[in-house]
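Report on the following structure.
The first chain written gets the first letter, and so on, giving A, B, C and D; residue counts start at 1 in each chain.
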Amino acid sequence: MDFNIIRVARVTMNVTDLHAAKDFYVNALGFIETESTSEYMALRGLEEHVHHSLLLRKAEKPGVHALGYKVWDESELEKLEHFFQIKGARTLWLEKGTQPGVGRALRAVDVSGIPVEFFAEMDSAERCLQKYDLYRGARVQRIDHVNCMVPDVEGAVTFYTEQLGFRVSEYTATEEDRTWAAWLHRKPTVHDVAFMNGEGPRLHHVGFWLSDPMSLIHCCDVMASMGYADHIERGPGRHGLSNAFFLYVRDPDGNRIELYNGDYLTSDPDFKPVKWSINDPRRQTFWGHKAPESWFNEAAAFLDIETGIEVALKQPLLAQRKPDFVT
Amino acid sequence: MDFNIIRVARVTMNVTDLHAAKDFYVNALGFIETESTSEYMALRGLEEHVHHSLLLRKAEKPGVHALGYKVWDESELEKLEHFFQIKGARTLWLEKGTQPGVGRALRAVDVSGIPVEFFAEMDSAERCLQKYDLYRGARVQRIDHVNCMVPDVEGAVTFYTEQLGFRVSEYTATEEDRTWAAWLHRKPTVHDVAFMNGEGPRLHHVGFWLSDPMSLIHCCDVMASMGYADHIERGPGRHGLSNAFFLYVRDPDGNRIELYNGDYLTSDPDFKPVKWSINDPRRQTFWGHKAPESWFNEAAAFLDIETGIEVALKQPLLAQRKPDFVT
Amino acid sequence: MDFNIIRVARVTMNVTDLHAAKDFYVNALGFIETESTSEYMALRGLEEHVHHSLLLRKAEKPGVHALGYKVWDESELEKLEHFFQIKGARTLWLEKGTQPGVGRALRAVDVSGIPVEFFAEMDSAERCLQKYDLYRGARVQRIDHVNCMVPDVEGAVTFYTEQLGFRVSEYTATEEDRTWAAWLHRKPTVHDVAFMNGEGPRLHHVGFWLSDPMSLIHCCDVMASMGYADHIERGPGRHGLSNAFFLYVRDPDGNRIELYNGDYLTSDPDFKPVKWSINDPRRQTFWGHKAPESWFNEAAAFLDIETGIEVALKQPLLAQRKPDFVT
Amino acid sequence: MDFNIIRVARVTMNVTDLHAAKDFYVNALGFIETESTSEYMALRGLEEHVHHSLLLRKAEKPGVHALGYKVWDESELEKLEHFFQIKGARTLWLEKGTQPGVGRALRAVDVSGIPVEFFAEMDSAERCLQKYDLYRGARVQRIDHVNCMVPDVEGAVTFYTEQLGFRVSEYTATEEDRTWAAWLHRKPTVHDVAFMNGEGPRLHHVGFWLSDPMSLIHCCDVMASMGYADHIERGPGRHGLSNAFFLYVRDPDGNRIELYNGDYLTSDPDFKPVKWSINDPRRQTFWGHKAPESWFNEAAAFLDIETGIEVALKQPLLAQRKPDFVT
């Protein structure tokens, strides 16, 4: 099959306090608030011309509803429903109007148990790219990728590449040449989604793209000025893998956001995936820094597409090491 | 028809002195030299994993041989030959080995008289993205786009969008709503190629992508230190159109190179092209600066794909104004 | 004599509309507003721990009241009064409370007819250096220097160096080895004050120091976003002289402000002043750009310390050329 | 007494391998090599107009010969000799020609047992500030400060402020209001020298000033590219104290160098020293990061001015805590 999936385009997840979330995402990170109610807040980056890339839902506890991919047009949705049904995967239609700003959407459970979502239509919104007087904090430009811990990375990679048409840009191999982690893309950047070996499925982080390295440094300063210093979990640093200049921050509910800049164009079909040995010290942090324990161990639960209950976790197939390869 | 063209990927043009060119492109701008002979020099950007994106040929006088587009695979070349023949356009095969580092290539004359080239294969080369100790000058990362002056912009846009599958990201319209200039892309950036109303066909410039704004500022300083201050023609500045942070420089033969950073993702099929009025002062230079006369008037001749003689120029269809919309 | 003058520390000048000035200085340039009334607005930079470095007074028309220098302590003021009286220069005491935030001040007319002011005491104010969430626009850090057009540069230099204890860091010499312009300092930067040959005395600009080059680029973007593109007069660029990365902007009344970053330490007594030939093209603009006519011709009137009437202008001693050496 | 000390201006210390040192300091950090022999290497920053600010001597093992301060003129040296002799401190004259590039110098032992040196004259050298094509790595501009661990901080502060005329810009106080660490300056930056409570006297690091934050980020990338990732000890980060954007690196012999940018002007006599509580988490690292153990525990030995033997260490007066206040 051949699905025309454009890119990862939105994430829907819970926060327990929308006011606290607004201060963090809008004032400290620099998202634009498209729309807010007592139930949710829709956020977009400065260059995004659509309703949102991050939808925060008010809830009792954190949890991730779905990772959303934009497809070329509505006809792709039917093809995807058919595909998931053949695979025996559960699916669910969310008709237009069910979600703020989003057209008809297909939810499905992927091979790792992750709730994914496909949609073709989203309301447009003013692009604020050239409203520089609105730039704040990290000046978040757009959603770039999601990163998930899954028990079976090789199974996930096969599913996304052979079935859904993703391509691998970089990967980490164990000494036995097993794929320990992989970065997969539809749009020609290093990734739309990454998988790494670990207890899962869990969402490790959502990555947003920044226009330049100094915006990341400024974000650290702004966060510290606002009292969010202890929400800076890791970085700034450079990943060997992907070459990204990165910063990992935690929102008031512990959801992890990566601020990200510095990867490269992966458009060419003959681009050979970059292989990293799990023992290469520069893979994870080019500059040699260690990541804190929280970064290795903590990740967010996914919620079942029908019941909303947390998806059960499985232990990873490969022996656990510090998954120090995430970007 | 439906061609799988990936991106603009290489330009072949003349210089009169390869030593002078090397000092300019390698020492001042920061290109990596893949290979040089007495006849040519092949240059690539720091993130490029292929033989070259700029091939400079030693010749008596300047001139542009072809604008080269990478396609998905060899089968696209046959389809493109067929298409151009149906259109009555001349084509020419350059078998593998004819050009340094490049596989079999199809040359053809586009609707504006521009020599274009399609190829699927290029030798690989070491990607120097993480060899930061090699970074010099502007730290050129990769080819981004070409910009051409043509007599009939609307004809060119129709040809590239309806026949070759390009999409328009931004355009400038006259008071009579004629398309004065347009930016077209295959890869999801603002452009692979731009056309603007003017005596042509001529190549206005080749644009290369930089990783960050400070590299552009540093390049100005390095150029001035090396005695190339009078080779800085325009900028640094911000284009309203495309949002690019730009610098235009002229090589020792007058070939114009744009150093470019700051555009945005154009992957979505429902992205609406941005329309600029020709009278909007922020379109050309967001900060309000004027461009010098040379920038409006000077451009490089294309060479016939068979004879190598300069392609004859035609006057533009639309009344001439300062084409102050180029990015 | 030996005066302990610390640095240029404040400028008092007129604007015709305090609301328009606030939008420009606070929202676009990023000054902190210490205090405002219907009569004046006191502004300081982010790192300044004192009441203001720029005092804008509401008036019918523009005009500059005084260039203010901070001295070590009150005893210097008496010494300076004595000195100016011996020189036959007019002086005027402004007792504490006369000016907002400033202690007792001595006004005097310098050798060029410029109203200068000396004071030892200013109210303290919160330093906002680490309130990064307040950073806006150019993120102005502190006052750096003033630049004046005077008819007799050599006379001014002699007065400031031999009488007031300033030192020359850089200067421009004509072909006949006359001093065409000079940069003088008390604090160990390139200058607190510069003089250049021209009809005068007039204030050419007040320079404020920025912490980094990207703040200057961001200021251009913010100004353009806010509709101030036509208030960007010159730059961004690099001065050969002083090595400053500069931007010249005009406030709503035409007062010229320089945003400035990149000079060097001049603390050493054996530092030899850098001499530039008036014919060296890199002196003015290291990158080779030309400055606009307005920048050469327009400057602000000084006001008499007693009458408040504009100080009469004199023609320059040296034949007029474009004073393309200002930083 | 009243000594006209200009600034900290040079450090002389040992390395065991001059070739290894050259690769590190010149190629990775971007120092300019003024002169090298088999015995020593003299290094200067890009803006320095003098022979060196760092003199590396070939030796069997590391060790610091002296921290060198530039004084106004030769007459200060005699005054200083007299002062130290009155204090009962040992002194030693190094006549002109004894040290490369340096005029007559007075060595003395300060109150903490640190070998200090005073000199008025140094050979001039070409300033490379505007030779941007020579910029490499961190693009080190100039020496900024030295930082020492001493057993009695309050004694050191009294000696430097009351006897030598330094001023305190910032300091850390314990809960009992004892001075735990202090930053002292002669030139109007945050410091020329800092003292912190610890086993000593030892040299913790030498700080060099960079022109902008991006040079520091680039240095991390260059160091990693060259295989020096494990020589990056701490940072990049922001100190609350001094506001510096910092990076600590270790040379091949373990000597610690700080790359530093972002402090502020301290020229005003009424500037009130900034007091930090030892319990304020933002004091040390504004962004909340922890420093590694090595950074707390390791520092370099000073060598006796006469015997060259390592100066004996004393335990600190104040109870040891992690000295997490160093900048």
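Methods note: contacts are C-beta pairs under 8 Å (C-beta built on N, C-alpha and C of every residue); 3 or more make two chains touch, one makes a residue touch a chain.
Here's who's who by UniProt: A, B, C, D = 3,4-dihydroxyphenylacetate 2,3-dioxygenase.
All values reported here derive from a predicted model rather than from experimental measurement.
*Asks:* Report which interface contains more C-beta contacts, comparing C-D against B-C.
*Replies:* By number of C-beta pairs in contact, C-D is the larger.
*Asks:* Give me the rotation angle that lays the C-alpha atoms of chain A onto its copy chain B, rounded to the nearest 5 degrees.
*Replies:* So the angle, rounded to a multiple of 5, is 180 degrees.
*Asks:* Please tell me the distance, in whole Å, between the geometric centres of chain C and chain D computed from their C-alpha atoms.
*Replies:* 33
*Asks:* Using Cα averages as centroids, what's the distance between chain B and chain D in whole Å?
*Replies:* Chain B and chain D have C-alpha centres separated by 50 Å.
*Asks:* If you average the Cα atoms of chain B and of chain C to get two centres, how far apart are those centres in Å?
*Replies:* 44
*Asks:* If a residue has to touch 2 or more other chains to count, which residues of chain D qualify?
*Replies:* Those would be 130, 212-214, 221, 224, 240, 286.
*Asks:* Which of the residues in chain D come into contact with chain A in the complex?
*Replies:* 213-214, 217, 220-221, 223-224, 229-230, 232, 236, 238, 240, 245, 281-282, 286-289
*Asks:* Please output the residues of chain D touching chain C within their complex, sorted ascending.
*Replies:* Checking each residue of chain D against chain C gives 6-7, 47, 49-50, 70, 72-73, 121, 124, 129-130, 141-142, 187-188, 211-214, 240, 243, 261-262, 264-265, 267-272, 286.
*Asks:* Report the residues of chain A in contact with chain C in the complex, numbered from low to high.
*Replies:* 27-28, 130-135, 137, 212, 214, 218, 221-222, 224-226
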